[in-house]
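Across the two complexes that follow, chain A remains constant while its partner is chain B and subsequently chain C.
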Partner chain A sequence: MRQSATRIIFWSIAGLFAFPLFLALRDLPDFGAYAGPYGDLVLATCTGERHTPQGVAAVTFDYRGFDTLGEEFILFAALAGALLLTRPQEDERQHPPRDHALDRPVPQGNEPIVAAGRLMFPFSLMLSIYIIVHGHLTPGGGFQGGVLLATAFYYVYLSGEYQDLHPFTSVPLLESLKVLGAAGFALLAASPLAVGLPFMTNLLPLGREGGLLSAGTLPLCNLLVGCEVGAAFLLLIDAFLRQVVVIGKKKEEDS
Partner chain B sequence: MSELPFLVTIWLFLIGLYGIATSRNTIHLVSCLFVAQSSTYLLLLSVGYRAHGSAPILSGIPPGAQPVDPVVQSLALTDIVVGATVSALILIFALQSHKRSGTQDPRRTPPMRG
Partner chain C sequence: MEQLAPLPVVIPLIMAALSVLVEKLPGKHRLLDLLGLGTVGTVLAIDLKLVGLSFEKTLVYWFGGWLPRNGFPLGIAFAIDPAAAGLAGFAALLTLLGLIFSWHYFRSIGSHYHCLMLLFLGSMQGFCLTGDLFNLFVFFELMGVAAYALTGYKIEDTGPLEGALNFAVLNSIGAFLVLLGLGMIYSRTGGLNLAWIGTQCASQGADLTLQAAFMLLCIGFLVKAAVIPFHFWLPDAHAVAPTPASLLFSGIMVELGIYAVARCYWTLLADQEAVSWMGTLFLSLGLATALLGAGMAFVQRHLKRLLAYSTVSHSGMMLAAFALADPGALGGFFLYLFGHGFVKGGLFIATGIVLHRLKSVDEDQLRGRGRELWLTGPLFCLGGLVLAGVPPFGTWVGKALIEQRAEALGYPLVTPVLLISSALTGAAVLRAGLGIFYGAGSPNFLSACAPATGDQELPETAKALDRTPFVMALPLCLLFAAALGTGAFEELSRRVLLASARFCHSEGYRLAVLAGRAGAVTPLPLPQLEWQKGLLSGAAALAAALLALFGLPLPAWLQRPYKQFFQGVLRVLRTLHSGYVGDYVIWFLLGSAALLLATWVNSGL
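What follows is the complex of A and B.
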């Protein structure tokens, strides 16, 4: 009864809201008829001014780099909050890792899954590094490559045990990488201020377009962001796994 | 029909909100939040789309090709990253709340005390 009342209230308010939303969206330019000058101007100038053919990376780390800096700090703050909340609470204690349900027998190692993990781990690791360092030339960049970097280590867990992943998730190391990524990007953005230039001015040589070391600060930004995102997602999976595998209630352990 | 992407945007947004409003499970609620948020990706990308346009990466595209808007693609990238990390944070909240109250139903969760 309460559920159906919720539905009626929701759909009546949603209907009131959807109609003006549709009117607002209808007056946008037609789908497929993008005319705005901003994107075209970026693409017309990014090869000349930044020596990069990758319009999206140029916008992300250069033309609108300030927004990306804010986004980095959102990522940083969300992760700091997540790690703060997953500390062992007062009524909890850590026990030796126990990566299986108590009421079921422990399955033996499954060879095809281990083989798939061994195949996918180096492949994802290489692909992620490729995507990060070529972020200013081809589709990709620090964010996408960083997520893929963490995925490579997820394969270690999926095809093995918690103990196999554990050596890779050293918290001090990952936290330093994450801080290096966030602080490095902020310092890189703020460093031109020291010599009296505007925020985020490109101080590095632009290089030859299409080269691995070109486009000024773009590859450096991709590298720093890749470090931060990869470390952040590894810390997250570790925090979630620890909740299940390592941390338990005190009472449960005593009985 | 040129309004279709915008209609899908509204539909995704509303169906996500509907899921949030009627959810009986916090994890389901976070998934619904992500569905509602994915409407913004669709809106951003359709605003910057150009019919038969090419990717906004200038190396290797044929001369005279009309690239789509790179700005909205960059915004969608920001959107996805923020959405993923904030979802992770809310999932941690759901996990801790489940440990405290023993239920994942947001209607049954007792009020929090500091």
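What follows is the complex of A and C.
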């Protein structure tokens, strides 16, 4: 009763909200009618001044690299929050890992799935590394590649057991990688300050356009961000799995 | 010296990342505290330097050395005027005092606490200093994420998790609206720099699209500012966060929401006739928030909830001050922000000390048990008077300035509403203080039945001591001294008025950012402020507190209807503040719909 009433109220108010918004959105430029000038200026300058054919990467890590630094630390903060919320509590204790589902028995190892996992793991790993190191040349980069990198390891868990994933989720190592990615990016961005240049100025040689080692700091930024994002997503899955597979409430155990 | 500009953001971010590694070291507690204090101290020193520099000339810092091309800002700029630098410094000062409070007493310290505090600090610095709309959004998000995590810090209890969830859901929806408005503005103006957008708005004229986009930005920021009907998350979150986090939330984070609205207003649309209707709208929202927050504060017995609702009320007063759209009133806003932030911080610290010593934050359960707290008690009660705005504290100067400008601009209603709401919030604190520390009176019929009592509050500290540690008393005293100093030094008020005159000078801001030229402004001379109203407000607070403690001397036949009337009102209010996040979202949507409809109706005029 309460639920359906709430729903009716919600949708009628949502209509009231959408109506003026729709009227306001009518006066936006038509789809595809780009008036500039931001994009045009970036495209006019990014090949000549930064030796990268990839305008998006140039905006992300150079023109508006400071935003990206902020975004990277949003991920860092979100992860810190997630780890904080899943930290071991006093009334919890660890038991040997065991898979369990609430409503059905846990299926035992299934060979086609294991085979699929074995197939996907190296491909995902390779693709993620490709996407990270080519971030300044083709669409992609550290954020996308980093998520893929973690996905490769998710396949290990999905096709196997928690124990199979465990060797890859050494918390000290992953935390160091995460810190290296975050602090490294910030320090790289801050390094021009030491020679009196503005924050995030490119100090590295720009190289030949289209080369793997070109576009100055862009590949390095991608690498560091990929490092942080990959480590962060692995830490996250580890923390979540630990909650389900390893940790139990004390009273639950005793009873 | 402009090279200093990025440091207040970058230093805390780097140190936050490194603090995760320090947590792994032996002897980490002392080390982390030193690292945190050193970082915040450095940031504070840089901010103070920036304040000095910005008074000479607005500092504009282009990241990556991307200077404007053909007048178009390609990169991200920090545009640091005295108001921006001053607020950043204020945020750093409050963080410093919060970290002193938690100096190696904090329970389960090392679980990312320092990391999150430093990230929170860095985000607030960026939020204050930036001159770029998207960058503002990025730091808005970072500030939010760090704050949600800090709110849920005490995971042993369910309250913090619920509070953090309500906080995260409502603020994330608000952030979506900011992003939507930002996208609309970008598609129309082609840039993200505030000064650039402002010049574009001036040439295009503020039509429905731009006004609606601005309104969407405001809605997102007003969620953070906890203005009705977007305020529901605040008491749930502030009441459960650890003491240093509550200090920062109430002292500066909420107010930064109004700062962002003011910044966007004056850089984007202030010189457009077409948006003058917004002043009345924000003024009524602000005054309604002030009254509702004060009423809700008065009927709480959970000390932190009481303080949280009083923050809602004072945030409403500050929104009203902004809504007057006047440099003088904005000066009052900044002074009030400082004065309120200091005293509210002091009250939260005092509550933290009460929790440390007496293991509860429930007013009625603690009645008379706080007699030994010879320092905290008097200061807590004094805090009630300061919230009410007695001279010569910072709250008094700010409020007197706001009231004077409101009367001069023809808004006579502002003064009485500010008087009632500040007196009522002060009365709530005084009532609790006199009861807890001096055992005065008995539980009153309004707050005694509050559903959240606070006697189950988990202790934050590992072991109870029979005396208040020095590191807890120090920030308490410093905060009250600062609240006094804010009001007592006339030179500070003059400087703030100059800063707000610069803040409101849209043309000068755009010239400084886009052309690197400085425009001259003449600040309002500091008027003679009336101290009588401040005393009246304090007296009203005291009277209301005594009334609540000892009851109204009414004849018996009047007692019943009198109680029934207030209990009826109370029941309605409590039903509205249900604690269900779904209900809060509906209120949020209702408020957003109303504001957008108002925009539609008024933009056609």
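Everything below uses one rule, namely that the second predicted complex is superposed on the first by the 246 of 255 C-alpha atoms of A that agree within 3 Å, B and C clash if a C-alpha of one lies under 4 Å from a C-alpha of the other, contacts with A are read in each partner's own complex, and residues count from 1 in each chain.
Rule of thumb we're sticking to: a residue touches a chain if its C-beta (ideal position, glycine included) is under 8 Å from a C-beta of that chain, and two chains touch if they have at least 3 such contacts.
Since the model is a prediction, treat every value here as computed from it, not as a measurement.
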Chain B versus chain C as contact partner of A:199, first or second or both or neither: second
Which of chain B and chain C A:54 touches, first, second, both or neither: first
First (chain B), second (chain C), both or neither touched by A:243: first
Touching partner for A:178 - first (chain B), second (chain C), both, neither: second
Partner chain in contact with A:74 - chain B first, chain C second, else both or neither: both
Chain B versus chain C as contact partner of A:20, first or second or both or neither: second
Partner chain(s) touched by A:85 [first = chain B, second = chain C, both, neither]: both
First (chain B), second (chain C), both or neither touched by A:114: neither
Which superposed partner A:186 touches (first chain B, second chain C, both, neither): second
On chain A, positions contacted by chain B and by chain C: 6, 10, 14, 17, 21, 25-26, 28-29, 36, 38, 42, 63-64, 67, 71, 74, 78, 81, 85, 89
Residues on chain A engaged by chain B in the complex (per definition of touch): 3, 6-7, 10-11, 14, 17-18, 21-22, 25-26, 28-34, 36, 38-40, 42-43, 46-47, 53-56, 58-60, 63-64, 67-68, 71, 74-75, 78-79, 81-82, 85-86, 89, 137-139, 141, 143-144, 147, 210, 229, 232, 236, 239-240, 243
Residue ranges of chain A in contact with chain C within the complex: 6, 9-10, 13-14, 16-17, 19-21, 23-29, 35-38, 41-42, 45, 62-67, 69-71, 73-74, 76-78, 80-81, 83-85, 87, 89-91, 172, 175-176, 178-179, 182-183, 186-187, 189-190, 193, 196-202
Of all residues in chain B, those that touch chain A in their complex: 2-7, 9-10, 13-14, 17-18, 21-22, 43, 46-51, 53, 55-59, 67-74, 77-78, 80-82, 84-86, 88-89, 91-93, 95-96, 99
Chain A partner contacts - residues on chain C that touch it in the complex: 3, 6-7, 10, 13-14, 16-18, 20-21, 24, 61-66, 69-70, 72, 74-76, 108, 111-112, 115-116, 119, 122-123, 126, 134-135, 138-139, 141-142, 145-146, 148-149, 152-153, 155-156, 161, 184, 187-188, 190-192, 207-209, 211-213, 582-583, 585-586, 589-590, 592-594, 596-597, 599-600
